[in-house]
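Below is the structure I would like to discuss, written out as structure tokens.
Order as written gives the chain letters A, B, C and D; numbering starts at 1 within each chain.
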Amino acid sequence: MINIAVVGYGYWGPNLVRNIQELGDARAISCCDMNPERLAQVKSKFPSIETTTRYEDILNNPLIDAVVISTPVSSHYELARKAFEHGKHVLLEKPATASVAEAEKLVELADQRKLTFMVDHTFIYTGAVSKMKEIIDRGDLGDLYYFDSVRINLGLIQRDVNVLWDLAPHDLAIMDHLVKEKPVSVCATGACHVGNGHENVAYLTVYFDSGLIAHFHNNWLSPVKVRTMLVGGSKKTIHYDDMEVSEKIKIYDRGVDVSTTEGIHDVLVSYRLGDMWAPRLNVTEALRVMVGEFVGCVQTGRRPITDGISGLNVVKILEASEKSIKQRGKEIRL
Amino acid sequence: MINIAVVGYGYWGPNLVRNIQELGDARAISCCDMNPERLAQVKSKFPSIETTTRYEDILNNPLIDAVVISTPVSSHYELARKAFEHGKHVLLEKPATASVAEAEKLVELADQRKLTFMVDHTFIYTGAVSKMKEIIDRGDLGDLYYFDSVRINLGLIQRDVNVLWDLAPHDLAIMDHLVKEKPVSVCATGACHVGNGHENVAYLTVYFDSGLIAHFHNNWLSPVKVRTMLVGGSKKTIHYDDMEVSEKIKIYDRGVDVSTTEGIHDVLVSYRLGDMWAPRLNVTEALRVMVGEFVGCVQTGRRPITDGISGLNVVKILEASEKSIKQRGKEIRL
Amino acid sequence: MINIAVVGYGYWGPNLVRNIQELGDARAISCCDMNPERLAQVKSKFPSIETTTRYEDILNNPLIDAVVISTPVSSHYELARKAFEHGKHVLLEKPATASVAEAEKLVELADQRKLTFMVDHTFIYTGAVSKMKEIIDRGDLGDLYYFDSVRINLGLIQRDVNVLWDLAPHDLAIMDHLVKEKPVSVCATGACHVGNGHENVAYLTVYFDSGLIAHFHNNWLSPVKVRTMLVGGSKKTIHYDDMEVSEKIKIYDRGVDVSTTEGIHDVLVSYRLGDMWAPRLNVTEALRVMVGEFVGCVQTGRRPITDGISGLNVVKILEASEKSIKQRGKEIRL
Amino acid sequence: MINIAVVGYGYWGPNLVRNIQELGDARAISCCDMNPERLAQVKSKFPSIETTTRYEDILNNPLIDAVVISTPVSSHYELARKAFEHGKHVLLEKPATASVAEAEKLVELADQRKLTFMVDHTFIYTGAVSKMKEIIDRGDLGDLYYFDSVRINLGLIQRDVNVLWDLAPHDLAIMDHLVKEKPVSVCATGACHVGNGHENVAYLTVYFDSGLIAHFHNNWLSPVKVRTMLVGGSKKTIHYDDMEVSEKIKIYDRGVDVSTTEGIHDVLVSYRLGDMWAPRLNVTEALRVMVGEFVGCVQTGRRPITDGISGLNVVKILEASEKSIKQRGKEIRL
């Protein structure tokens, strides 16, 4: 039985606790938050969980094997560092850290101590993304050409980060999971209209050496909620629409065929029309699968699917995109 | 009665001729194409139209008041220049020219000769765009924040231009029509995977000094056809979906409210939920309205809605975007 | 403070208890179910609630003001009758009873004892149906012409009733709520293919004297989930799509205009195209509003929106539809 | 070369002539209409076609092999009868005739004279319906359970027939084409609100002995245009949405599994979730395929896919539905 402490009981905390409690081989035994009102909520819903406003109580409790950190991103590094130093495994909410340097240090620390370091990139554990991974790994798409992601909706404008730091981690983590090739540079543009001096509309291009191009569109002001991803390859294309109820993933066998004729300068390009196919998806709640993965890794020592490296990869792109956006789209090497 | 010659009878030519013939106060009397087969098609459908493979026959025919040029863009400048020099009014297919310099010369020439110079930005004459114009001019949207356009589908990959030159003119013309402020610079990214060495996937950001940001996504490889535009303002947002059959335009009274409290650093941002409204749209064929506008301008001497300047504005952005895309997103001033 | 006992803790029970507990002026103090496992679930989630397998414990507990009955429909009558006889107010799950005779007796009993008798027609308490009611009561639709409802999906085929008894109560209750006129007769058709000898596909027409026609399509086998309602009037039409995330209600100002010219036999019918409007809807959870209504009625003695009569009206149509379906669409008077 | 006369040049006539002219092995040489204005339109578009207001000119012209009759349904019988008596092949617009008796006589007459008798059930020649036919004939759906069709939109209310006679022939013809089993009886309900004393909203159930049930919903007043068909079987279900641009046909491998356990009264019913598949469809214009089929049958003497019998089958159901609707849903044997 793995004993877990949950640190930070805000928006996401209750979902984490509920899912941990419903696993058979782990349980939340402690919850830490600076706000006593929130701790009272924990107590009323989960009387068996001890609560505290002092993080040291968690660190110094030898019963606790692992901490799940669900606090604002600016505090992630310090909280995770201390946890590793006290020999605790760590699950961090996304984005992993506020900088590449922080993420690198945490990865190093976890490796030294041989502790599990996982980042909660929840979408990786959905039936939709699992299916995309399976299809892409099988080579069905052929060479990858483009990866286009749109995640826009009326969002709670955050005080201290721009819309990319808030929304893009989901999609960058999916790209990191699906695409084996490493990105080489980014260009980002955006604008700020209300609030916090940070961009509320942003566009991010990620370049790869192979010719694959990825693009992310995030917007906190859109009254229309869109969550789509188009992953196009030389053979097939996946369309992922997270707003669809039952057919989130569609695979199109429809595209462009190219043939070069010897001695002729022109290439011959022609349409290829074809079928569309929407596979059945696993409908287990992603958060459940995610906490199960964390507990399984703590128990066995194997590396999580969304380990510290994947968290680091996402932060690298976010940090570079922020530099690019401030220089009006200047290409920033990764 | 305005006598018109149609130059170039390819994909778009038959539609132009049909619509001209159905106007009461103009008629196509001549058609020029280098391909005799196409001229035979003209003859069989419109026996009254004279055909020729020699452009001089058009230029030297004193009965002809105006020419409609529907040829590849590389030939636009020479054909239009000669037409103006022979005192003919000109309607050019989009994009107006292959360079800013060419477009500027044509604008100047038309002004000197006091001839009508119009560019066929057909979408401006749709019921959907007219309605958007009416709503924006009335100030319903408040300050404009963002203009996001997606036009992607399995497209015929063109031999000599990239996807922006092919698809973006539609959307850039709409932006030019709807937005009074002039853009200041662009950043573009893209990639080429098949065929012609030109980008088949491209992303274009257009900056404005007010903070308004515009973005265009064009893709020739997408098996899914998307044609949407989101124009967001401080008060309302328009969603235009050209694939919708009957409700192409939706206005959302839903967004984010911002209030700054004196002496407090934070701004207060809150959601505003509200109604959605889809106005009735005029369903007259846009091409009919467009040729009617041309003939009306020739008759009265008034300036067309999509005059040479609007054509020039579109070409300015295309030319800058091509420079930017070759320098991996470098900002290019307009 | 109103003390409530929940009788039956199956699929719907946990939702009822949760919502009751979150009201300020009522609480669930007791739960009765014949299955001890389910009672254990109650205890673990709500330690303060007493549990029992004996209904008499509820009836004889003088602290209990009201019972909420969420058991199979065949037991509704006996359970509710006894509750009324013991002076308890009653909230019954839909459909109210298994026969018209039963529902009539319960209505009479509640009236005699001056007790609140409410039926949980949950949809009546959604923002969507409230908005429809407001629009129709204001006369915006003009004369009502048709009411067409489709509720189909892959459903749990029930052992003892057909698909109309399972799914149509939702829609019949909405019709009863929205339409002032009383229906006069029904025709129903259907077929059974799997399972229980009861229809899994059914179609029900409800006639009104004014010319209004209502129709209900229910199907347990459809892999596509559809929940739409079209309420057409002489002036406007409402389209309600419960599968839409944010614009469930659309009002179309689009229809047919009719004018009769004196002395001419023909009527002149012409299209009227117009705007569409999707009003903002209240998003409070319907179940919360429903239990609030029940508690409010118990406290004040006022009649619930979905009182016993509305439950009876729904059962009248269900009973008649079953007769009709067995006689292959024969019209049955109500 | 088959010489064709087109009789009736109203809404559909121009499309028929255009498609005939583009076939290689047939041509329209004559057109008959009582309205001289329409004949003038024919002349201006197709100068080579002779026009006449006298049907006898067609009948007595020995050059004419076949007549295509596109007039109001009340005139079909007389026009077709005379054509057969003059040895001409006949293609009739849908519905074939105004009564079963008429259709039967025409079928008999054509058989006696060994002439081609075809009815223009255009939808049968679409890529969507061809694909459905292929899938059903292959047995993919298993036993057919239900056939549900909705065709509603703001329609031109016709003077002399109800909405079923106007819209249902499309869907009844599709059913006749797809379903081998013969229907046994019908129940229909409906209501009339505007105009002509004929139902503008109607619902039609068609019974089959196997347990298959078919249902048709037609409505001329709906501001929302819906054209869907759901064909459910024991193994798979087809969803046909004619308003979809590219994926009109979807096949769902999702349903209900039933197993009966010996000695137990209950049947075990469980969900089966599965993939969805949208096959590529032929996009040739249906009208072109249809006129090609007619000409091919005239040339070779083979029986058309939509022969007189299919026209008769549709009229049988329409005639029965009209009797049923007047008797408020009474079952009428076919």
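The definition used in the following text is that a residue touches a chain if its C-beta (ideal position, glycine included) is under 8 Å from a C-beta of that chain, and two chains touch if they have at least 3 such contacts.
Everything numeric here is computed off the predicted structure, so don't read it as measured data.
Asker: Tell me which has more C-beta contacts between its two chains, A-C or B-C.
Answerer: Output for the comparison: B-C.
Asker: Just the number, please: Cα centre separation of chain C and chain D in whole Å.
Answerer: Comparing mean C-alpha positions, chain D is 39 Å from chain C.
Asker: Roughly how far is chain B from chain C, centre to centre by C-alpha average, rounded to an integer in Å?
Answerer: 53
Asker: Multi-chain contacts in chain B: which residues touch at least two other chains?
Answerer: 254, 276
Asker: What kind of graph do the touching chains make: line, ring, star, complete, other?
Answerer: Shape of the chain contacts: complete, all pairs touching.
Asker: Within their complex, state which residues of chain B touch chain D.
Answerer: 47, 225, 243, 245-246
Asker: For chain B, which residues count as touching chain C in their complex?
Answerer: Touch residues, chain B against chain C: 247, 254, 273-280.
Asker: Considering only the defined contacts, which chain B positions touch chain A in the complex?
Answerer: Touch list, chain B to chain A: 143, 145-146, 148, 154, 156-157, 159, 185, 187, 189-196, 201, 203, 205, 207, 211-213, 215, 217, 219-224, 230, 232, 234, 237, 239, 252, 254-256, 258, 266-267, 269, 271, 276, 324, 328-331.
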